[in-house]
Amino acid sequence: MPIVTIQQFPRPLEQKRELARRITEAFVEVYGAKEEAVQVFFSEIDGEGWAKGGVMGCDKTDK
Amino acid sequence: MPIVTIQQFPRPLEQKRELARRITEAFVEVYGAKEEAVQVFFSEIDGEGWAKGGVMGCDKTDK
Amino acid sequence: MPIVTIQQFPRPLEQKRELARRITEAFVEVYGAKEEAVQVFFSEIDGEGWAKGGVMGCDKTDK
Amino acid sequence: MPIVTIQQFPRPLEQKRELARRITEAFVEVYGAKEEAVQVFFSEIDGEGWAKGGVMGCDKTDK
Amino acid sequence: MPIVTIQQFPRPLEQKRELARRITEAFVEVYGAKEEAVQVFFSEIDGEGWAKGGVMGCDKTDK
Amino acid sequence: MPIVTIQQFPRPLEQKRELARRITEAFVEVYGAKEEAVQVFFSEIDGEGWAKGGVMGCDKTDK
(Lines give C-alpha, C1' and ligand atoms only; values in the text may rest on other atoms or scores of the structure.)
Protein backbone atom coordinates (compact mmCIF):
# COMPACT_ATOMS: atom_id res chain seq x y z
CA MET A 1 0.00 0.00 0.00
CA PRO A 2 -0.91 2.57 -1.10
CA ILE A 3 -2.48 1.28 -4.31
CA VAL A 4 -3.73 4.02 -6.66
CA THR A 5 -6.17 3.10 -9.44
CA ILE A 6 -6.93 5.84 -11.97
CA GLN A 7 -9.93 5.63 -14.30
CA GLN A 8 -9.13 7.96 -17.19
CA PHE A 9 -9.17 8.52 -20.94
CA PRO A 10 -6.16 7.02 -22.79
CA ARG A 11 -3.06 9.23 -22.47
CA PRO A 12 0.42 9.16 -24.06
CA LEU A 13 3.02 7.16 -22.14
CA GLU A 14 5.20 10.17 -21.30
CA GLN A 15 2.25 11.89 -19.59
CA LYS A 16 1.52 8.78 -17.54
CA ARG A 17 5.23 8.52 -16.70
CA GLU A 18 5.31 12.08 -15.32
CA LEU A 19 1.96 11.72 -13.53
CA ALA A 20 3.09 8.50 -11.81
CA ARG A 21 6.30 10.22 -10.71
CA ARG A 22 4.42 13.19 -9.25
CA ILE A 23 1.77 11.09 -7.49
CA THR A 24 4.46 8.88 -5.94
CA GLU A 25 6.42 11.96 -4.85
CA ALA A 26 3.26 13.35 -3.18
CA PHE A 27 2.80 10.13 -1.16
CA VAL A 28 6.45 10.17 -0.08
CA GLU A 29 6.41 13.86 0.94
CA VAL A 30 2.89 14.05 2.45
CA TYR A 31 2.53 10.56 4.00
CA GLY A 32 6.22 9.71 4.42
CA ALA A 33 5.42 6.56 2.43
CA LYS A 34 8.24 4.37 1.08
CA GLU A 35 8.59 5.12 -2.63
CA GLU A 36 8.64 1.41 -3.53
CA ALA A 37 5.33 0.86 -1.67
CA VAL A 38 3.39 3.15 -4.03
CA GLN A 39 1.76 1.47 -7.02
CA VAL A 40 -0.26 3.29 -9.69
CA PHE A 41 -2.67 1.51 -12.08
CA PHE A 42 -3.96 3.33 -15.17
CA SER A 43 -7.39 1.94 -16.08
CA GLU A 44 -7.91 3.58 -19.46
CA ILE A 45 -11.36 3.80 -21.01
CA ASP A 46 -12.65 5.54 -24.16
CA GLY A 47 -15.92 7.29 -25.01
CA GLU A 48 -17.61 3.97 -25.78
CA GLY A 49 -16.96 2.77 -22.24
CA TRP A 50 -17.92 5.82 -20.21
CA ALA A 51 -21.00 8.01 -19.75
CA LYS A 52 -21.62 11.27 -17.87
CA GLY A 53 -25.03 12.86 -17.28
CA GLY A 54 -26.65 9.88 -19.04
CA VAL A 55 -24.74 10.49 -22.29
CA MET A 56 -21.95 8.28 -23.62
CA GLY A 57 -18.59 10.01 -23.99
CA CYS A 58 -18.55 9.23 -27.72
CA ASP A 59 -21.92 11.00 -28.16
CA LYS A 60 -20.88 14.18 -26.40
CA THR A 61 -20.45 17.30 -28.52
CA ASP A 62 -19.13 19.58 -25.71
CA LYS A 63 -15.77 17.80 -25.16
CA MET B 1 -20.21 11.31 -7.25
CA PRO B 2 -21.91 8.91 -7.74
CA ILE B 3 -19.39 6.88 -9.74
CA VAL B 4 -20.79 3.62 -11.15
CA THR B 5 -18.35 0.93 -12.34
CA ILE B 6 -19.89 -2.05 -14.14
CA GLN B 7 -17.95 -5.28 -14.67
CA GLN B 8 -19.68 -7.02 -17.57
CA PHE B 9 -19.29 -8.98 -20.79
CA PRO B 10 -18.76 -6.81 -23.89
CA ARG B 11 -22.04 -5.31 -25.15
CA PRO B 12 -23.01 -3.31 -28.28
CA LEU B 13 -22.72 0.47 -27.92
CA GLU B 14 -26.45 1.10 -28.27
CA GLN B 15 -27.18 -1.19 -25.31
CA LYS B 16 -24.60 0.60 -23.18
CA ARG B 17 -26.07 3.94 -24.30
CA GLU B 18 -29.58 2.95 -23.14
CA LEU B 19 -28.31 1.35 -19.92
CA ALA B 20 -26.31 4.48 -19.00
CA ARG B 21 -29.38 6.63 -19.65
CA ARG B 22 -31.60 4.48 -17.44
CA ILE B 23 -29.06 4.17 -14.60
CA THR B 24 -28.55 7.94 -14.60
CA GLU B 25 -32.31 8.50 -14.63
CA ALA B 26 -32.65 6.18 -11.60
CA PHE B 27 -30.07 8.22 -9.62
CA VAL B 28 -31.83 11.48 -10.52
CA GLU B 29 -35.32 10.18 -9.60
CA VAL B 30 -34.41 8.08 -6.53
CA TYR B 31 -31.53 10.11 -5.01
CA GLY B 32 -32.37 13.52 -6.50
CA ALA B 33 -28.80 13.50 -7.83
CA LYS B 34 -27.70 16.07 -10.42
CA GLU B 35 -27.64 14.35 -13.82
CA GLU B 36 -24.17 15.68 -14.62
CA ALA B 37 -22.78 14.23 -11.36
CA VAL B 38 -23.48 10.64 -12.43
CA GLN B 39 -20.65 8.85 -14.22
CA VAL B 40 -20.84 5.27 -15.50
CA PHE B 41 -17.74 3.19 -16.39
CA PHE B 42 -18.12 -0.02 -18.40
CA SER B 43 -15.29 -2.42 -17.48
CA GLU B 44 -15.77 -5.07 -20.14
CA ILE B 45 -14.21 -8.51 -19.75
CA ASP B 46 -14.52 -11.71 -21.83
CA GLY B 47 -14.57 -15.40 -20.96
CA GLU B 48 -10.75 -15.51 -20.77
CA GLY B 49 -10.77 -12.88 -18.03
CA TRP B 50 -13.55 -14.12 -15.77
CA ALA B 51 -14.36 -17.29 -13.85
CA LYS B 52 -17.43 -18.43 -11.88
CA GLY B 53 -17.58 -21.52 -9.67
CA GLY B 54 -13.89 -22.17 -10.39
CA VAL B 55 -14.46 -22.44 -14.17
CA MET B 56 -13.33 -19.86 -16.72
CA GLY B 57 -16.13 -18.26 -18.72
CA CYS B 58 -14.60 -19.52 -21.96
CA ASP B 59 -14.69 -23.12 -20.65
CA LYS B 60 -18.34 -23.04 -19.65
CA THR B 61 -20.81 -25.08 -21.66
CA ASP B 62 -23.98 -23.88 -19.85
CA LYS B 63 -23.86 -20.19 -20.89
CA MET C 1 -21.95 -10.77 -13.99
CA PRO C 2 -22.83 -7.95 -14.25
CA ILE C 3 -21.27 -6.59 -11.06
CA VAL C 4 -22.13 -2.95 -10.31
CA THR C 5 -20.01 -1.03 -7.78
CA ILE C 6 -21.29 2.43 -6.81
CA GLN C 7 -19.04 4.96 -5.06
CA GLN C 8 -21.43 7.39 -3.37
CA PHE C 9 -22.23 9.42 -0.27
CA PRO C 10 -24.10 7.47 2.44
CA ARG C 11 -27.83 7.16 1.65
CA PRO C 12 -30.86 5.83 3.59
CA LEU C 13 -31.58 2.11 3.11
CA GLU C 14 -34.92 2.68 1.38
CA GLN C 15 -33.24 4.81 -1.31
CA LYS C 16 -30.61 2.13 -1.91
CA ARG C 17 -33.37 -0.49 -2.03
CA GLU C 18 -35.24 1.41 -4.77
CA LEU C 19 -32.06 2.26 -6.69
CA ALA C 20 -30.91 -1.40 -6.67
CA ARG C 21 -34.36 -2.46 -7.94
CA ARG C 22 -34.29 0.07 -10.79
CA ILE C 23 -30.70 -0.67 -11.81
CA THR C 24 -31.43 -4.42 -11.88
CA GLU C 25 -34.60 -3.79 -13.90
CA ALA C 26 -32.57 -1.75 -16.43
CA PHE C 27 -30.10 -4.65 -16.92
CA VAL C 28 -32.96 -7.13 -17.37
CA GLU C 29 -34.84 -4.92 -19.86
CA VAL C 30 -31.87 -3.47 -21.82
CA TYR C 31 -29.40 -6.41 -21.74
CA GLY C 32 -31.87 -9.27 -21.24
CA ALA C 33 -29.73 -10.20 -18.22
CA LYS C 34 -30.99 -12.74 -15.69
CA GLU C 35 -32.21 -10.82 -12.63
CA GLU C 36 -30.30 -13.07 -10.24
CA ALA C 37 -27.03 -12.41 -12.12
CA VAL C 38 -27.07 -8.68 -11.28
CA GLN C 39 -25.22 -7.68 -8.11
CA VAL C 40 -24.98 -4.11 -6.81
CA PHE C 41 -22.34 -3.00 -4.26
CA PHE C 42 -22.75 0.35 -2.47
CA SER C 43 -19.30 1.68 -1.53
CA GLU C 44 -20.28 4.58 0.71
CA ILE C 45 -17.80 7.34 1.51
CA ASP C 46 -18.18 10.65 3.39
CA GLY C 47 -16.62 14.08 2.95
CA GLU C 48 -13.47 13.02 4.82
CA GLY C 49 -12.82 10.28 2.25
CA TRP C 50 -13.47 12.11 -0.99
CA ALA C 51 -12.14 15.18 -2.78
CA LYS C 52 -13.19 17.05 -5.95
CA GLY C 53 -11.23 19.82 -7.64
CA GLY C 54 -8.48 19.37 -5.01
CA VAL C 55 -10.84 20.15 -2.10
CA MET C 56 -12.05 17.57 0.43
CA GLY C 57 -15.81 17.08 0.49
CA CYS C 58 -15.94 18.09 4.17
CA ASP C 59 -14.24 21.42 3.34
CA LYS C 60 -16.63 22.34 0.55
CA THR C 61 -19.03 25.22 1.16
CA ASP C 62 -20.98 24.87 -2.15
CA LYS C 63 -22.59 21.44 -1.45
CA MET D 1 -20.43 -12.67 -3.37
CA PRO D 2 -17.53 -13.07 -2.97
CA ILE D 3 -16.30 -11.09 -5.97
CA VAL D 4 -12.52 -11.28 -6.51
CA THR D 5 -10.85 -8.69 -8.77
CA ILE D 6 -7.17 -9.30 -9.57
CA GLN D 7 -4.97 -6.52 -11.00
CA GLN D 8 -2.06 -8.34 -12.64
CA PHE D 9 0.26 -8.58 -15.64
CA PRO D 10 -1.17 -10.54 -18.58
CA ARG D 11 -0.89 -14.32 -18.04
CA PRO D 12 -1.54 -17.38 -20.25
CA LEU D 13 -5.10 -18.75 -20.07
CA GLU D 14 -4.07 -22.07 -18.52
CA GLN D 15 -2.42 -20.24 -15.59
CA LYS D 16 -5.55 -18.15 -15.03
CA ARG D 17 -7.65 -21.31 -15.27
CA GLU D 18 -5.65 -23.03 -12.51
CA LEU D 19 -5.47 -19.89 -10.35
CA ALA D 20 -9.25 -19.39 -10.55
CA ARG D 21 -9.78 -23.03 -9.57
CA ARG D 22 -7.48 -22.76 -6.55
CA ILE D 23 -8.88 -19.42 -5.36
CA THR D 24 -12.44 -20.77 -5.61
CA GLU D 25 -11.41 -23.93 -3.75
CA ALA D 26 -9.90 -21.76 -0.96
CA PHE D 27 -13.20 -19.87 -0.52
CA VAL D 28 -15.18 -23.12 -0.41
CA GLU D 29 -12.83 -24.78 2.11
CA VAL D 30 -12.04 -21.76 4.33
CA TYR D 31 -15.35 -19.81 4.20
CA GLY D 32 -17.69 -22.68 3.34
CA ALA D 33 -18.80 -20.52 0.40
CA LYS D 34 -20.92 -22.01 -2.39
CA GLU D 35 -18.65 -22.67 -5.36
CA GLU D 36 -21.05 -20.99 -7.79
CA ALA D 37 -21.06 -17.81 -5.66
CA VAL D 38 -17.35 -17.17 -6.24
CA GLN D 39 -16.51 -14.94 -9.22
CA VAL D 40 -12.96 -14.02 -10.26
CA PHE D 41 -12.16 -11.06 -12.56
CA PHE D 42 -8.70 -10.77 -14.13
CA SER D 43 -7.92 -7.08 -14.75
CA GLU D 44 -4.77 -7.40 -16.84
CA ILE D 45 -2.44 -4.43 -17.30
CA ASP D 46 0.99 -4.11 -18.94
CA GLY D 47 4.08 -2.04 -18.17
CA GLU D 48 2.60 1.02 -19.91
CA GLY D 49 -0.34 1.00 -17.50
CA TRP D 50 1.36 0.44 -14.18
CA ALA D 51 4.04 2.14 -12.11
CA LYS D 52 5.85 1.20 -8.88
CA GLY D 53 8.13 3.47 -6.90
CA GLY D 54 7.40 6.29 -9.36
CA VAL D 55 8.73 4.31 -12.35
CA MET D 56 6.56 2.86 -15.13
CA GLY D 57 6.74 -0.92 -15.44
CA CYS D 58 7.98 -0.61 -19.03
CA ASP D 59 10.91 1.57 -17.85
CA LYS D 60 12.06 -0.84 -15.16
CA THR D 61 15.32 -2.69 -15.68
CA ASP D 62 15.09 -4.88 -12.52
CA LYS D 63 11.99 -6.94 -13.51
CA MET E 1 1.36 -6.78 -8.43
CA PRO E 2 -0.74 -8.88 -8.22
CA ILE E 3 -3.30 -6.89 -6.22
CA VAL E 4 -6.35 -8.90 -5.13
CA THR E 5 -9.49 -7.04 -3.99
CA ILE E 6 -12.25 -9.19 -2.50
CA GLN E 7 -15.81 -7.86 -2.10
CA GLN E 8 -17.40 -10.07 0.56
CA PHE E 9 -19.57 -10.25 3.65
CA PRO E 10 -17.72 -9.57 6.94
CA ARG E 11 -15.75 -12.63 8.11
CA PRO E 12 -13.80 -13.48 11.30
CA LEU E 13 -10.10 -12.54 11.23
CA GLU E 14 -8.87 -16.13 11.40
CA GLN E 15 -10.82 -17.03 8.26
CA LYS E 16 -9.38 -14.02 6.40
CA ARG E 17 -5.91 -14.97 7.68
CA GLU E 18 -6.20 -18.50 6.24
CA LEU E 19 -7.79 -17.31 3.00
CA ALA E 20 -5.03 -14.74 2.42
CA ARG E 21 -2.41 -17.44 3.04
CA ARG E 22 -4.02 -19.84 0.55
CA ILE E 23 -4.59 -17.20 -2.14
CA THR E 24 -0.96 -16.05 -1.85
CA GLU E 25 0.24 -19.66 -2.01
CA ALA E 26 -1.81 -20.17 -5.21
CA PHE E 27 -0.13 -17.17 -6.88
CA VAL E 28 3.33 -18.40 -5.85
CA GLU E 29 2.71 -21.98 -7.06
CA VAL E 30 0.68 -21.23 -10.22
CA TYR E 31 2.25 -17.94 -11.40
CA GLY E 32 5.66 -18.28 -9.76
CA ALA E 33 4.94 -14.88 -8.20
CA LYS E 34 7.13 -13.54 -5.39
CA GLU E 35 5.21 -14.03 -2.12
CA GLU E 36 5.89 -10.45 -1.03
CA ALA E 37 4.42 -9.10 -4.28
CA VAL E 38 0.94 -10.47 -3.52
CA GLN E 39 -1.43 -8.10 -1.68
CA VAL E 40 -4.99 -8.99 -0.67
CA PHE E 41 -7.60 -6.36 0.23
CA PHE E 42 -10.83 -7.41 1.99
CA SER E 43 -13.61 -4.97 1.07
CA GLU E 44 -16.30 -6.07 3.51
CA ILE E 45 -19.93 -5.09 2.98
CA ASP E 46 -23.13 -6.08 4.80
CA GLY E 47 -26.71 -6.68 3.65
CA GLU E 48 -27.48 -2.94 3.69
CA GLY E 49 -24.71 -2.31 1.14
CA TRP E 50 -25.33 -5.11 -1.34
CA ALA E 51 -28.18 -6.29 -3.55
CA LYS E 52 -28.65 -9.36 -5.76
CA GLY E 53 -31.51 -9.88 -8.20
CA GLY E 54 -32.85 -6.42 -7.30
CA VAL E 55 -33.25 -7.30 -3.61
CA MET E 56 -31.06 -5.91 -0.81
CA GLY E 57 -29.13 -8.54 1.12
CA CYS E 58 -30.81 -7.48 4.36
CA ASP E 59 -34.27 -8.10 2.80
CA LYS E 60 -33.46 -11.58 1.59
CA THR E 61 -35.20 -14.51 3.30
CA ASP E 62 -33.34 -17.30 1.41
CA LYS E 63 -29.84 -16.68 2.92
CA MET F 1 -12.84 11.72 -15.25
CA PRO F 2 -10.18 11.18 -14.02
CA ILE F 3 -11.38 9.19 -11.00
CA VAL F 4 -8.62 8.26 -8.54
CA THR F 5 -9.27 5.50 -5.98
CA ILE F 6 -6.60 5.04 -3.31
CA GLN F 7 -6.44 1.87 -1.20
CA GLN F 8 -4.45 2.85 1.90
CA PHE F 9 -4.12 2.64 5.67
CA PRO F 10 -6.23 5.19 7.59
CA ARG F 11 -4.57 8.65 7.62
CA PRO F 12 -5.32 11.96 9.41
CA LEU F 13 -7.63 14.33 7.50
CA GLU F 14 -4.99 17.01 7.02
CA GLN F 15 -2.70 14.53 5.26
CA LYS F 16 -5.51 13.43 2.94
CA ARG F 17 -6.35 17.10 2.32
CA GLU F 18 -2.77 17.87 1.21
CA LEU F 19 -2.45 14.66 -0.80
CA ALA F 20 -5.70 15.34 -2.68
CA ARG F 21 -4.50 18.87 -3.45
CA ARG F 22 -1.18 17.64 -4.82
CA ILE F 23 -2.66 14.78 -6.86
CA THR F 24 -5.21 17.17 -8.41
CA GLU F 25 -2.45 19.69 -9.15
CA ALA F 26 -0.44 16.93 -10.91
CA PHE F 27 -3.40 16.10 -13.19
CA VAL F 28 -3.93 19.78 -14.03
CA GLU F 29 -0.23 20.41 -14.78
CA VAL F 30 0.65 17.11 -16.50
CA TYR F 31 -2.63 16.28 -18.30
CA GLY F 32 -4.08 19.79 -18.58
CA ALA F 33 -7.16 18.35 -16.88
CA LYS F 34 -9.86 20.65 -15.50
CA GLU F 35 -9.43 20.84 -11.72
CA GLU F 36 -13.13 20.18 -11.10
CA ALA F 37 -12.98 16.99 -13.19
CA VAL F 38 -10.54 15.30 -10.79
CA GLN F 39 -12.10 13.20 -8.02
CA VAL F 40 -10.12 11.33 -5.37
CA PHE F 41 -11.61 8.49 -3.27
CA PHE F 42 -9.78 7.30 -0.15
CA SER F 43 -10.61 3.62 0.46
CA GLU F 44 -9.10 3.15 3.93
CA ILE F 45 -8.39 -0.32 5.28
CA ASP F 46 -6.64 -1.52 8.46
CA GLY F 47 -4.39 -4.49 9.24
CA GLU F 48 -7.43 -6.79 9.67
CA GLY F 49 -8.50 -6.08 6.09
CA TRP F 50 -5.22 -6.36 4.23
CA ALA F 51 -2.51 -8.98 3.74
CA LYS F 52 0.92 -8.92 2.06
CA GLY F 53 3.09 -11.95 1.37
CA GLY F 54 0.36 -14.18 2.81
CA VAL F 55 0.43 -12.44 6.22
CA MET F 56 -2.32 -10.16 7.55
CA GLY F 57 -1.21 -6.60 8.25
CA CYS F 58 -2.20 -6.94 11.91
CA ASP F 59 0.07 -9.99 12.27
CA LYS F 60 3.13 -8.32 10.83
CA THR F 61 6.01 -7.52 13.14
CA ASP F 62 8.19 -5.67 10.56
CA LYS F 63 5.91 -2.63 10.08
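Just so it is clear, A, B, C, D, E and F label the chains in written order, and each chain counts residues from 1 on its own.
As a working rule, contacts are C-beta pairs under 8 Å (C-beta built on N, C-alpha and C of every residue); 3 or more make two chains touch, one makes a residue touch a chain.
These figures come from a predicted structure and were not determined experimentally.
Shared contact partners of subunit B and subunit D comprise A, C.
Repeated interface: B-D and one of E-F, A-E or C-D share more than half of their contact pairs by residue number, and that pair is E-F.
One copy, subunit C, sits rotated relative to the other, subunit D; on C-alpha atoms the angle is 180 degrees to the nearest 5.
Centres computed as Cα averages put subunit C at a distance of 20 Å from subunit E.
Inter-chain spacing, taken between the CA centroids of subunit B and subunit F, is 25 Å. Multi-chain contact residues of subunit C (touching two or more other chains): 1, 3, 5, 7, 39, 41, 43, 45, 50. Annotation, chain-chain contacts: A-B, A-D, A-E, A-F, B-C, B-D, B-F, C-D, C-E, C-F, D-E, E-F (touch as defined at the top). On subunit C, the positions that touch subunit B within their shared complex are 1-9, 11, 15, 18-19, 22-23, 26-27, 29-31, 45, 50.
Partner subunit B is touched in their complex by these residues of subunit D: 3, 5, 13, 16-17, 20-21, 24-25, 35-36, 38-44.
Put simply, subunit B touches subunit F in their complex at residues 1, 3, 39, 41.
By the touch criterion given at the top, residues 7, 43, 45, 48-56, 58-59 of subunit C touch subunit F in their complex.
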